[in-house]
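Look for chain A in each of the two complexes below; its partner is chain B in the first and chain C in the second.
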Partner chain A sequence: MKVKVLCRNPDDYVRETTRDIQRVPRNYDPTLHPFEVPREYTRALNATKLERVFAKPFVASLDGHRDGISCIAKHAKSLSTVLSGACDGEVKVWNLPRRECVRTIQAHEGFVRGICSRFCGTSFFTVGDDKTIKQWNMEPPGCGVQEEPINTILGKAVVTGIDHHQREATFATCGQTVDIYDEQRSSPIRSFSWGVDSFSCVRYNPVETELLASCASDRSVVLYDMRESTPLRKVVMKLRSNTLCWNPMEAYYFTCSNEDYNLYTYDMRHLKCPVTVHMDHVSAVLDVDYSPTGREFVSASFDKTIRIFPKDKGHSREVYHTKRMQHVICVRWSADNKYVLSGSDEMNIRLWKANASEKLGVLSSREKIAANYNKKLIEKFQHHPQVKRIARHRHLPRDVLKQKKQQREMKEAKRRKEQNVRKHSKPGSVPLVPEKEKHVVAVLE
Partner chain B sequence: MAVSAEKEFAMDNDVISASEDEEGSDDERKHNKLLQAISSLGGKRRKNQTERSEASLQVSEFFVSAEGAGDKVGLSDLLGTVEKTTGATKTKKQLRNLQNRNETLELPLNKEQTEKIQRSVAYEKSTKEVTNWQSVVIQNQKAEQLVFPLNQEPSGPKRVEQVVAGWKAETPLEQEIFRLLHMNKQPLHDPVLTPVEEASLMAMSLEEATIRRAELQKARALQSYYEAKAKREKKIKSKKYHRIQKKAKRKEFVKQFEERMKTDPTGALEELKKMEMSRMEERMSLKHQNSGKWAKSKAIMAKYDDSARKAMQEQLQINKDLTQKIATLSDDEHETPEESEMVPDFVNDVEPITDPVNPWMRSRIPQEEPEISCVTPDKPQTSEEEEERNEEEELLADFQRRRTLRRTEDDDLIPTAAEEQINTCEVSREEVVGDGTVEISDSEEEEEEDVSQFNTLFKLMSSEKTHEGPAPTQDQQEDEEQLDEGQLRVRSMEDLEVLEEVSDPRPGTPAAPSMPQPTASDPLAKRSKREIDLSEVLTKEAKTIKVALTPTVVEDEEREEQISIIKEAFAGDDVISDFLIDKRKQEEAGRPKVVDLTLPGWGEWGGVGVKPSQHKRKRFRKKMAPPPSRQDQKLPDVIISEKRNSSIATHQVSHLPFPFQNATQFESCIRTPVGQTWNTQTAVKKMTMPKVVTTAGAIIEPLVKEDYIKDKSTKPMGKGPAILLNDKRGAKDGKPSDKHKGRDSHKRRRNKP
Partner chain C sequence: MAALVEGAAKSAHVERKNQKKPVKRYWEKTEELKNSDQPTSDRSISTENTADRCTSTENTADGSTSTENTGSVKRRKGGQIPSGKKDPFPGEAPIPQEQLQKYQRGSKNNVPKGAQRRLKEAIAWSETVSELAQKQAARYDLLLPEDAGFLEGDEDEDTCRISQEDIADAVDITSGSKYFNLHLSQFGPYRLDYSRTGRHLLLSGKRGHVACIEWQSKNLTCEMNVMETVNDIKWLHTEAMFAVAQKKWLYIYDSEGIELHCVKKFNDVLKMQFLPYHFLLATASATGFLQYLDVSVGKEIAAICTKSGRLDVMSQNPYNAVIHLGHSNGTVSLWSPNQKEPLVKMLCHRGAIRSLTVDKTGTYMVTSGLDRKLKVYDVRAFKPLHSYFLPAGASCLSLSQKGLLSAATGDIVQVYQNVWGGSPVSKPYMAHRVRGQVWGLAYCPFEDVLGVGHGEGFTSMIVPGAGEPNFDALDTNPYRSAKQRQEWEVKALLEKVQPELIGLDPGQLGKVDQASFEQRHKERVDILGYDPLAKEKFKPKAKKKGRSSAGAIEKRKRKVAYEDQRDVIRQNVEEQMKRQKEKSSESQQLGKKSTLDRFRKQDK
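Up next is the complex of A and B:
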């Protein structure tokens, strides 16, 4: 005989622990839960407010350098290690969780211009104003042993930047030319130049690893392929680009930080105009770094602020500043997408949260659910004026605010003037040029 | 040049040194040196230099030096020896042709241009390569959720089998164990599953498994249904039922057989043979012949026991059935329709007599009808109908009386008679239709049957009436409504008033559609071709603008014609009244509505069909306070919308946000709640899923080409030396050389800053 028995899943009515709240069977009949939109709206508003309340992005400041920080590098394999070079030729290795300097090397005479870690994390390279490229062991030497580089390459001219290949034992430097070095040789295996100019930054593409890009002082960004004997293409803009960074998840996008207060994201296949112009800074942008997820990037500016931009938005979603932070020279996004490091003129490295209101540490599952729900609510009601107002509000230093206002006025005046000119001239003679196309002067083949 | 200069310098040194150690050297050497020094100072130096090949004035691109300035290298110089060699006639010919050619070759492109071409070619190549990533990029952008690091290895402790892959069994015991495992085909190292298990895993994916499971479930359910049905049927004790069933089955079989004859003659033949065989067997055997032991005992019992007799008869019947020739079966078929079993079930149903004591219940059926038809306002029609009905009812009542009398006399006859009612049914129906009166036969049984037939008939008729009766009235109503709609277009004030009456029926009072008809028809009749009178329509006088008339050539009559034409053309468009209707509607909408707050069951009895009392309803009907007067109350030709509420406006979205196409889309997006209050847990989880998930302390590496793009041609070429060097370096460091792979097996996870 077949006996049918009622059986229930204990997961439905037994709580996980005795500390957990009792499971209550729910009735989802919509008539029992009216006013869903107003209630959710209130929740969204509260979530937005709380997000702003908990937005405390500053985590730590690492002090110890005796001059302005000129460059920062992430360790390739360890999240807790960070390298920094200062304007007095000193290189420091930091331990982030302990927030202390582990090792100090007097690497160069004059500026340390660039620093990069080898892909395996066993050694790192520095370049300085003394025309040398030095390779250092990541492990500190034994007690009482002099700090000495593994390898030193004497260059002919000052080297201003360095970047290491993602998987091979080659690295690229820039100075008067862009040189590709093999780690085993003292002279470059390849040297690219295109006209007489000096370069300020060279970066390998982390995805399509044979590609490179560099910023030159003739206001151009030049693309290279390591396998070719000539550069690929050159795009000249109205003002000079300081640094650039490739998107680590999307092989053909890179973003360069420009002297004209803007950042430009380019598709390397279509250099005629940038994909996006990111505007918000009020002074020259000095450095840029992508988040490892490739969704956002952080930029450091001469206006003493750091801004975080979504990769496809024209305006920043976040701005970080402190009273004591001076011109920010270099900035890096940590490899686990949680932190941002900034090095500034006043000899400090600052550690920020990438997501200002995120709770650090382990989250319980209920906390996680609540956080997700709140995030979703804010996203859902983001267009409502009250929510938008609260979510967008940021406190800015007075001079930044003033400058911003001033620039807005200037822009408006320019726009108005153009409009008037257009109005009073023959139709079609003053074409409407979109913002994107205004900044590229030429693309050279 | 630099080399030669160095040499010179060295010679000078030599000269000095020679002069210094004058004493210790012999004359010959000194002399030589002196000669050399002199020669180096003089013109001999140049001669020496000309001897050096790399320092010549003209250096050809192909390392062939032409002797003396201005001399050109000819092809014959280069290939002088070719003429002497044998063979290679073809190339010789070609060379000769070349030599004879007088055309000069074009200059090679200058360096800049060649570089430009090289660059553009290289650029094209690299862009092509980069474009391979597009699909990956788009996929990542469209992904509902990305969990970083991508391509994560399964975290957690590794299996022992994976950890000790290199371990070998050494002791005899271990060896024994491993041999056993080997023999039983148990997994030893990496795959924990046996080959059989793996095969089964491979064979069935999750989807397939779910589908299969669903199928099985369905099959099981069906089986249980059938079982239950079979049980139920088995439990039915009625022999008649079973007999009918059996017969039906047989008929079904025969039918199938017939069909089979048409479609599959060979199969049918086989069937036929089978049947023939069974018949033969039956004829041969003594089964069902009532000659067995059991049959004999039954035969003895048959005298006294009815059931025994029946059993015996059944046996005989079976025998008869089986031994019957199949050809006769088809004859049976023709006869069957006359049998009672063939009649559909509903015909057999006895009139449901709920209360035999109360025969008037039956006459209820027509009485219920007026509930539907009461809406029809046509009084004369209904009265006629009622008269008819009364006559019918009287007749019916008569029948009923007689019937009840009969029933009291012999109650048990009715059910058996029910089957045979139908045979005469058709005849009686004809009678009913033909004469309209029913002849009551003499025999009582027939009479009774007739009565029941009449009942069924009457029921049919009455149902027809219920269908037909109210239907025309409804149509009428609809017609009226449509008419009203047609009349909505109003030209004058009077019409408007009428319209208003029609358009707002008072709540509570039932609408009487027939009532306004005469009143509405009057103005309709009255309405002549009147033009719109502005002063009548609008309370305020319209400003008349006087415009100087342009001198017109057209005569007055023509103009009037024109005007009339225009009027005719725009006769349908009545803008002003439309506007007025609009305004009135808005005012209506703005008026406060009565809110009914009665809760049934509070303070009195509640339940199905119990309505709250009038007193209570009156008490809890709240009239809302009238809103402040409209802004356009005194402006007859303006509608000022009062939808905007300034206190809410600060919370409302003024512009349609970007990704949305229209307002309804946006509204529906906002209207769907995402919270746990309104959704199940899984739904909430799905809806609030973050787009990007990262784990604290996990390094997110950039994409690796080998993981995504499987094209062999795009793989880096000519990387031999670099990898080699790297390997050397790894060896020097004393670290494993697989570090350059990018995706290392050891990833430090837990060293979060």
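Up next is the complex of A and C:
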């Protein structure tokens, strides 16, 4: 007779001392783990609920400005420094970890229209309603020394925006024309105009560094090459674009925020129709900024909310609002991809988490693993109705909700009317225009 | 010692001229073999040779006669080591096919035709990930610490003739102590239940005796007499609570024997089953009711009137949490708490069902009936596989984790191996006679032990090869501490599966819902109570001055009748007209044809 009976030595399964960690022998045999799918689904549902429970995006409010914020700029090198300009001509430099203002400059008379940091991070430029372009040192002056700009350029007309070149000592401003300045000179080395009376925003392409794009008041977005003397091409839309931002990773895409409540992502090689139309705002969109990964962007709107859109989705994944936040004028995504900064009418700069339910601070490896697992679970079960319902739900202010409903109704009515017109007219005389093509009027070379 | 040293010195003396041999490695043999094959082996030739060897081993494995563990999976060609030696085990270690098979979940997803690039990428990525997971899990099998038990007889020795005493003597002391008898003749026939970890045992005598034992250390945690008839007893999710079906109501006690609840909604309960992942206690009563109690919130989830009399045969399918009930007319019915009718009803025996049990993979069901037959069914296909005739009939059945079937006939407990194998079983694997009529049978999870409750007490039998040797500590850990148990309890409660998800296929949730549009529309209509796609019936406005006569109304109605189908109708009519025209023109042309036309060259 040969016999073997299962007999375990408890020493192999129990920890030796109380200071050890517990032993956890695993056996991955599927028959020992019944109900795999229902249990995983339950976990996914819990993860989705917890994600919503922990979604507390608001981090801090930086107050100190005495008028509405008109522009924000990121420091080119330092994560913790942020510059902001207000409508009373004041510029403040903020330290984000300490959440305090480290420096205040009365830079202009009237609005500070634009602000940008030099690529090396040693100085920054401001433009204002007083027709001047000023360059400031990033280091604060010594004790008792008055704040003086390094350089001041007196322009002929009001300058409304500024952006600095990625590598060279040139910068671009926009006003009645788009001007390219050399830092050493007081007059523009080149200026572009294309039958337009004013521009609201100019941005350098982050990869093809000689390229520029600007938003003009004649409802157009104009592209330039700095090395040429004339603009490259422009696309005219139904309504005016306020600002634009290049995608930092796929720099042939740019997104512009429009007065018609939408944002449009264009491929600069095919301006005929936008790649994606991003809808969700219920009022004019005032500013847009891409995340450094180029996967998402954040937009600020006159409807007192900011929204985060995936770059290729038509609708936002997130909306941030507070009771106190008024019309949001400007918004920036921090360079570490973790935070979003918004400046609004009521004189505050707000710091938000880019991922609302993310835990801040140092995570232990088990926390990281759990977070990743939960993320994957939510992704896996995202199409189940329960999970979808919970993950999609966002609280909206009543006004926004009402307007959203109203606009949906209006849109539906318009669609119905068009359908009826089509039904009662000669076949082919009322063509079906896709949403993307509706908003472009013309492309000019 | 001295001699040894001397010998060593001697050998050194003799073989001094020779080079010192390197330490022999266990792969050396093959290397030498190869060298003998090709004495003038430079690098290129030898690599060829290894390649040949690889393919040759592969061929033998593919021939599938050799049950070699390695070689069934192709090894990647390894890189060369700079010194010129070849890696004897190039590439990653192979995984036996059967192990891979064990961890396979469903078939591969195929990319649908005309899929977009993004979908293609997503499918390909998920396939690679799941393949990697499968491989890693299969590889982990090598690290499992324990092997299953077994019992083999000598030549002309039947394993069923080996007595428990012999086995207990042959094995080590701790295992031998797992064979024991409890003589409890006073409170008569006993039922039993092992906790999920297999550490704790519950005994209940028909006449009210309830005992709770840590059976390996023989430690009595509580003992009492409830002074009432006890029909059945079951552990709840931990060993801190158990449910007792007494004469009238269902009671819940804690491990100290303190009565926690008396659930008066559950009366005359005869049999109980606990569904651990759903935290549901399913009870079958003498009044024909199947009731579900959610023990995590203490709510009755469902009460189903089965309309088939006294329910005293009950079992659960551990794979999908469906309750199997056996009836006196020979049918077995399958129940979920979501449906008032049985999911399935199958006629299994000519007489009443005496006992039934389902294996842990949910594939096989074993039933025994008053017709003295024991039948094995495939419960996925609902087809009988084998039918055995037992002279005395089996009163109790139980299946172990490894698939050993124990059947009690009178006072004899028989254990069968491989009951659902290809050929029917002729004789039992083990047999044991207990002192009284058997009343309850249960295998202890993760142990080679079968508990038998009978008229004269309780017997714990050793059945080698019954239990799963390797447990998963995150699921059930027999060696868990109190702290670990608390943590496990919280986790288990968090991932409690909702009772709505009980159905025949537990993986349903992970599949694509391919309900047709009509079906979905019908469901939507059922939920809403009206048809959202239905058009309002046209109702002509009432007009004055005699223009609302019945005839005028009818005329106006006709104006809008079939408006949505008009386009189609118009098209059809046009097409018909066209066809007719063509026909007529053809016939005209035919009329013009001359006899010489047939020699003309055909157009096409």
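Assume the second predicted complex is superposed on the first by the 423 of 445 C-alpha atoms of A that agree within 3 Å, B and C clash if a C-alpha of one lies under 4 Å from a C-alpha of the other, contacts with A are read in each partner's own complex, and residues count from 1 in each chain.
Going forward, contacts are C-beta pairs under 8 Å (C-beta built on N, C-alpha and C of every residue); 3 or more make two chains touch, one makes a residue touch a chain.
Quantities reported herein were computed from a predicted structural model and do not represent experimental measurements.
With both complexes superposed on chain A, which partner does A:Tyr252 reach: first (chain B), second (chain C), both or neither?
first
Per the contact definition in the header, classify A:Glu210: touching chain B only (first), chain C only (second), both, or neither.
After superposing on A, A:Glu210 lies in contact with chain B but is clear of chain C.
So, does A:Lys2 touch the first partner chain B, the second partner chain C, both, or neither?
both
More chain A residues touched by chain B or by chain C?
The larger set of chain A residues in touch belongs to B.
With both complexes superposed on chain A, which partner does A:Arg295 reach: first (chain B), second (chain C), both or neither?
In the superposition, A:Arg295 touches chain B alone.
Quick one: is A:Tyr41 in contact with chain B, with chain C, with both, or with neither? Answer first, second, both or neither.
both
Can A:Pro431 be said to touch chain B (first), chain C (second), both, or neither?
neither
Is A:His33 touching the first partner chain B, the second partner chain C, both, or neither of them?
A:His33 sits against chain B and chain C alike.
Classify the contacts of A:Val14 with the two partner chains as first (chain B alone), second (chain C alone), both, or neither.
A:Val14: touches chain C, not chain B.
Please work out whether A:Pro25 is in contact with chain B alone, chain C alone, both, or neither, and reply first, second, both or neither.
In the superposition, A:Pro25 touches chain C alone.
Hey, what residues of chain A end up touching chain B and chain C alike?
2, 26, 28, 30, 33, 36-37, 39-41, 43, 384
Provide the residue numbers of chain A that touch chain C in the complex, in ascending order.
1-8, 10, 12-14, 22-43, 46, 384
For chain C, which residues count as touching chain A in their complex?
On the chain C side, the touching residues are 102-103, 105, 137, 140, 144-154, 157, 162, 166-167, 170-172, 174-175, 178, 277, 318-321, 360-362, 446-448, 462, 464, 467-475, 477-479, 481, 484, 494-498, 501, 506-510.
Over in the complex, which chain A residues touch chain B? Could you list them?
Residues 2, 26, 28, 30, 33, 36-37, 39-41, 43, 77-80, 82, 96-97, 119-120, 122, 166-170, 182-184, 206-211, 223, 225, 227-233, 248-252, 268-269, 292-293, 295, 334-339, 351, 360, 369, 372-373, 375-377, 380-381, 383-386, 445.
In the complex formed with chain A, which residues of chain B make contact?
Those in contact with chain A are residues 115-116, 118-120, 122-123, 125-127, 129-131, 133-134, 137, 140, 146, 148, 224, 650-654, 657, 666, 669-671, 673-680, 684-685, 687-690, 692, 694-703, 705, 716-719, 722-723, 725-726, 728-729, 733, 735, 739-742, 744, 747-748, 751-753.
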